[in-house]
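Heads up, there are several structures right after this.
Two complexes are shown next, each including chain A; its partner changes from chain B in the first to chain C in the second.
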Partner chain A sequence: MAELDVVELSRLQFALTALYHFLFVPLTLGLSVLLAVMESVYVMTGRAIWREMTKFWGTLFGINFAMGVATGITMEFQFGTNWAYYSHYVGDIFGAPLAIEGLMAFFLEATFIGLFFFGWNRLSRLGHLVVTWLVAIGSNLSALWILIANAWMQNPVGATFNPATMRMEVSSFFDVLFNPVAQAKFVHTVSAGYVTGAVFVLSIGAFYLLRGRHREIARRSITVAASFGLASALSVVVLGDESGYTAGLNQKMKIAAIEAMWETETPPAGFTLFGFPDRATETTRFEIHVPWVLGLIATRSIDEPVEGIKDLVATAERRIRNGLTGYKDLERLRAERAQAVPPEMQEPIHDLGYALLLKRWRPDIGNATDEQVHQAALSTVPDVSVLFWSFRFMVGLGFYFILLFALAFYLASRRELERRWFLRLALCSLPLPWIAAELGWIVAEYGRQPWIIDGVLPTFLGASSEPIGDIWFSLIGFVLFYSTLAVIDVYLLVKYIGLGPKQPAAPASNRLAPATGDD
Partner chain B sequence: MVPQGEVSRALRGRSLGRDIGWALLIKSVALVLLYFAFFGPSRRVEMTADRVAGALIDPAQHSTRP
Partner chain C sequence: MPPIDYASLRLLWWAFLGLLLIGFAVTDGFDLGAALLQPFIARTDSEKRMLLNAIGPVWEGNQVWFILGGGAAFAAWPPLYAVSFSGFYLAMFLVLAALILRPVAITFRSKLQGAGWRRGWDWAFFVSGLVPALVFGIAFGNLFLGVPFRFDETLRVAYEGGLFGLLNPWALLCGLVSVAMLAMHGGNWVALKTEGALARRAGAAASWAAMALVALFSLAGLWLAIGIDGYVIQGSIDRMGPSYPLNKSVLRAAGAWLDTYGTHPWTMAAPAIAYLGAGASLALHRAVRSLPAFLASGISVAGIVATAGISLFPFLLPSSIDPRSSLTVWDASSSPATLFIMLVATVIFLPIVILYTGWVFRVMRGPVTAEAVEREEDTLY
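For the complex of A and B:
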């Protein structure tokens, strides 16, 4: 077991790299599909202005892709050094989706991005459109495989523990692949990426209209962003609800913490719209409680309870005691060099992870006191305030995007896009989807604590014992690296947004149809 | 004679290629340096089933630090 400060620093390093990486990802996901939509319009209508739009937004997509590509690889660096126990324990399951992502999705994406940029004058219209759609599909498939890996950490299905190898091993790849958490997470995450892409196009389009530049392209871009963004923003909320529902089935403590729900209420449970959770007193001060809503959302019923934190702690305490039996069984299996867990030991060994929480208090956990078992059970409660507020800001932003895109859609349909108050609002909204996405990851990952694999392996047991100085230096190195990339990314985006779409070629070339604003 | 618009397109495309090329080069160098400085093969922690068992179920084991 690593020292706790080493664990905290390793966690900080991983969190920072993941959050930095996810600054680039949603824009790639969203813009790739928007490019495909714009180019589809070009191929269907033959109007050259849609080709120029695709090329312009493609330039910005290319900059973001180039800056973002391989920024996620630093997380894989850390698996072998900072998280060696975790890597050994779950590598058999976790490695496959990551490898498939690299071999299939990323190469598909990267190859077709090359064809997208260099194929404009070498491929037929239809051929190039197919390439653009393949870029979008490749980007989305990349996200799928990564989210399958992540979802397994939230809901570890399709795997069994092997006492001989001391690792979780795949028992059903089908179950890993079709993990309900993965499916819900994938559609929610890519929809959030589409919203990011749509807000980006909307904001930059608004910037051009405010400056009176590139008006034809800006108007069309805003119209596409408004309709695509409205559909995506509605999807984010609906699919986010589905994501919450699957979490309610598998990660009850996460849901209880997000809702600051200390006690189990008589069903259907109410939803706390606002309040200040207080962990010390296990109450929520100045609470605004809306009856029924949480029960309906979390259980899709009016008679199923949503368990509160105190009851879930009591359940954790029972599972710790059960896991202690599993712990003794495992010692015996190791001594006998058993290759599999016998059926009668499956159930207690299933709770082994809960018993391992006690390692934080004593190495010989078989001798843990009642007080230590209770402390370990209490440690299954994540930071309620952080989750409560992160979730509410994220959801608030989600509803804001629906209103923003609905407004944009309404104004676009009435040909009244050039209202300055709306254009300013759209421009100021530019950073919001990134904030919402990062808050979403904080809810997902911070809400899983104290587990690195939910219910299976505590986070502090997944970390290795790297020298603390090394982690500090590599952490500083990562911050410098990612900050430099972010600065270059913003610099290049600002530079090419400033240059704007290319001016139409000479009319004689007949490559640009007259832009009437009615296309 | 090449039209003015075509010249502008070519110049801008070349400038974008150069900008992205430099950024990718800087990024690749930084990633390689970070990898070998902190995460290279010599830094990797070798794991075996016994070592994991030691960390998880050995009652005497308080730390896995080598």
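For the complex of A and C:
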């Protein structure tokens, strides 16, 4: 294991660039909506302070947005550069939502972002507000299409294998579009973005109040963030639970790994609050077990079992053998130049992906030994400890955000925001939503391993056949380049937060009276 | 089954891919051109800011044409997306690095006052325009030579070439055609959108670039006709057949890249438009802030991209080491169902995109003046 191969390097590069990209995305999602809300208040009340707020948060939004766009380009092209076989194998299905994302969402967002910054004096107030909302809608739609694509990797519905083209092809675009995993993931992810935006505004607002600066803008910003954040934090946890339910339907192994549940329990299964999973002995030490909870989350019932890892490995072994039958059928179909899979062969070929797991052990998988089949079945278990802990930290943070925003909401409604202990707490909470979001992706994608598309294509087969030197070059290049940009980005954000909002312009420039008192 | 036959869908998607590339070259092309001209035409800080703000409100939307081109290639031509991006791995990495640098350079440069800070981002901005302009041209050039790749039976692709193999004289000539083309178009845009000395220098640069373009484009055409073997599909190919490239056989033949112009003479309109546009751009630029000159260079850009696509037709990406692995319009597409769904999505959304993009350009019409960048120190780039 000392030397990394092409697949591992490509995975590392994808993970790093994706996690890095997602440092900027959630803030774009959340802040765009918050900007639209603030500007709506400006347009409805005519109070100039809300315009200044929109412009100030808009500047920070712009700095973040540039980084989000810059790092997003890498994502769109990395499937082709580093995952060429993946791109060939599932491009027929996976490419469509990505292309529609560009057509329907990213165009909208990127075209109107220019007007958001430069259109203040060229558009009516209502016109500019519409532009801001279009940017927010564009970003959120963008997330929808990307998550439809991602959900298909988790739950590859609506597609069948075509022996004539040696790839998966769409059989029902409707199923791809209305994939239940996509629905759950979308709402969970954008809510997480809203939480991020709200925590960002809350923390920086708290920073100003602690310093006694820009109090009018800070108090109003916190109030908006508190209510928006509370709703979002509730939604992120509730809909995260929905994600758990849909994953329970199709990614049983992921759920079992998250729970470090080695054996199938008598229903309803309990939830392991704490413990140390040990893969070697297939046990979890020092467990603290809460009865019933997992069964309820994963099956929405008290009598359906949640399968444990050992049983799922046995299932995987069965599917590998079934897939091997499919593999042999496929060789015959190829020899006959068949254009489609006859009905009696569909079931074994459906498990072709499981047979392909054996390619790690031998190229001629038709001759695999029982031992190799067993090894391949064991390889379907993801890294239990990483998932177990990532999930628990993420969920813990989710509940913390509910408390934080509930507190902010309570204090704001009693007009007691300026309590120093609360402001300090809010300020210290700034990095937490990013940690939660990154952990969420680790659970979702690391938990998908060893599959690049669950049950269809193993990750190690998806990679390009690239010279390893090239991948080292790009990986090191990305790390250096991204690290430099991260330093510059944070420096600039800190600088602009330090500068703070511009003082509201002289009353003469406003058509309506400037703000007074609490509004 | 979709109501349009597979062959027509493929042809339509070939045209759409071309349309997206043209959209990218015509819109984001002027952003790239403005960036690569920046050190030569913008001297003072105020001029540099005028140039940045001339593209400021629109470059982001323009860039989506490129993103969408990538997405559409993925959805409609998966093998093309897979082979080209992984085959040109290091070249793609250079383009990506440049395109990552660009939003940051544009957005961050004028946010702080320091001279070193601004100088650094000015360099980054220049590089972010030059590198993609050059690499896209070089990559296109290599398509005509064929790319050293082959498929195995499962359509896993292997390459026998690297970054330096791309840097041959012919491809470098194509790189220069691309740089001259975008410099012409970017110069016209800056001339249109700014004032004073900057606009004059931009207009002059556009004229020089247009002349260089005519010369380089002619040279490339001549070279293609006599110096480079084209690819031809041997025998017939089933245009409705499955997208499995290894079913056909392919030959190399001298001058074959010009075959389409012989069989379909109307396609000669593409190179004709390329020349006419460049000539018109040259003739029209003398008037200050000439919208017609900019439109003319846009038409020329469209003509050049179309010329490249039509010359290659029906090939998308020929293979130099295993010609039957070559990707063509007839055996490298998505399934009919996906092509049809994507067609519907495009027919609905692309006109909407063009409409609101037009509206944004209209709202932001008029030149960026030196006074404006002074006055709006905080909000402009």
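Couple of notes before you dig in:
Convention: the second predicted complex is superposed on the first by the 502 of 519 C-alpha atoms of A that agree within 3 Å, B and C clash if a C-alpha of one lies under 4 Å from a C-alpha of the other, contacts with A are read in each partner's own complex, and residues count from 1 in each chain.
Rule of thumb we're sticking to: a contact is a pair of C-beta atoms (placed from the backbone, for glycine too) under 8 Å apart; a residue touches a chain by one contact, two chains touch by 3 or more.
As the structure is a computational prediction, the values presented were derived from the model and not from experiment.
Once the two complexes are overlaid through chain A, chain B and chain C clash, as defined at the top of the document.
Contacts of A:Asp364 after superposition: chain B is touched, whereas chain C is not reached. Residue contacts after overlaying the shared chain place A:Gly396 against neither chain B nor chain C. When both complexes are overlaid on chain A, the residue A:Gly114 reaches chain C alone and has no touch with chain B. Residue contacts after overlaying the shared chain place A:Tyr327 against chain B, while chain C stays out of touching range. Shared-chain residue A:Pro291: touches no atom of chain B or chain C. Contact with chain B, but none with chain C, is seen for A:Thr484 once the two complexes are overlaid on the shared chain.
In the superposition on chain A, A:Leu356 makes contact with chain B only, not with chain C. After overlaying the two complexes on the shared chain, residue contacts for A:Gly46 are found with neither chain B nor chain C. In the superposed model, C is the one of chain B and chain C that contacts more residues of chain A. In the superposition on chain A, A:Phe77 contacts both chain B and chain C.
After superposition on chain A, the stretch of chain C whose C-alpha atoms clash with chain B is 149-157, while the remaining options among 149-157, 203-211, 311-319 or 329-337 stay clear.
Within chain A, the residues touching chain B in one complex and chain C in the other are 62-63, 66-67, 70, 73-74, 77, 80-81, 84-85, 87-88, 164-167, 334, 464-466, 470, 473-474, 477, 481, 485, 488, 492, 495-496, 502. Against chain C, the residues of chain A that register as touching in their complex are 55, 62-63, 65-67, 69-71, 73-74, 76-77, 79-82, 84-85, 87-88, 90-96, 98-104, 106-108, 110-115, 117-120, 122-123, 162, 164-167, 169-171, 173, 334, 339, 464-467, 470, 473-474, 477, 481, 485, 488-489, 492, 495-496, 502. Those residues of chain C whose C-beta lies close enough to touch chain A in the complex are 53, 56-61, 63-64, 67-68, 70-76, 78-79, 81-86, 89-90, 92-93, 96-97, 99-104, 106-108, 111-112, 153-159, 162, 242-244, 334-335, 337-338, 341-342, 345-346, 349-350, 353, 356-357, 360, 363-364, 378-380. Remark: chain A residues 1-3, 59, 62-63, 66-67, 70, 73-74, 77-78, 80-81, 84-85, 87-89, 164-167, 327, 330-331, 334, 356, 359, 363-367, 461, 464-466, 470, 473-474, 477-478, 481, 484-485, 488, 492, 495-496, 499, 502-506, 508-509 touch chain B in the complex. Interface residues of chain B, counted against chain A in their complex, comprise 3-6, 8-9, 12, 16, 19-20, 23-24, 26-27, 30-31, 34-35, 37-39, 43-47, 49-50, 52-53, 55-66.
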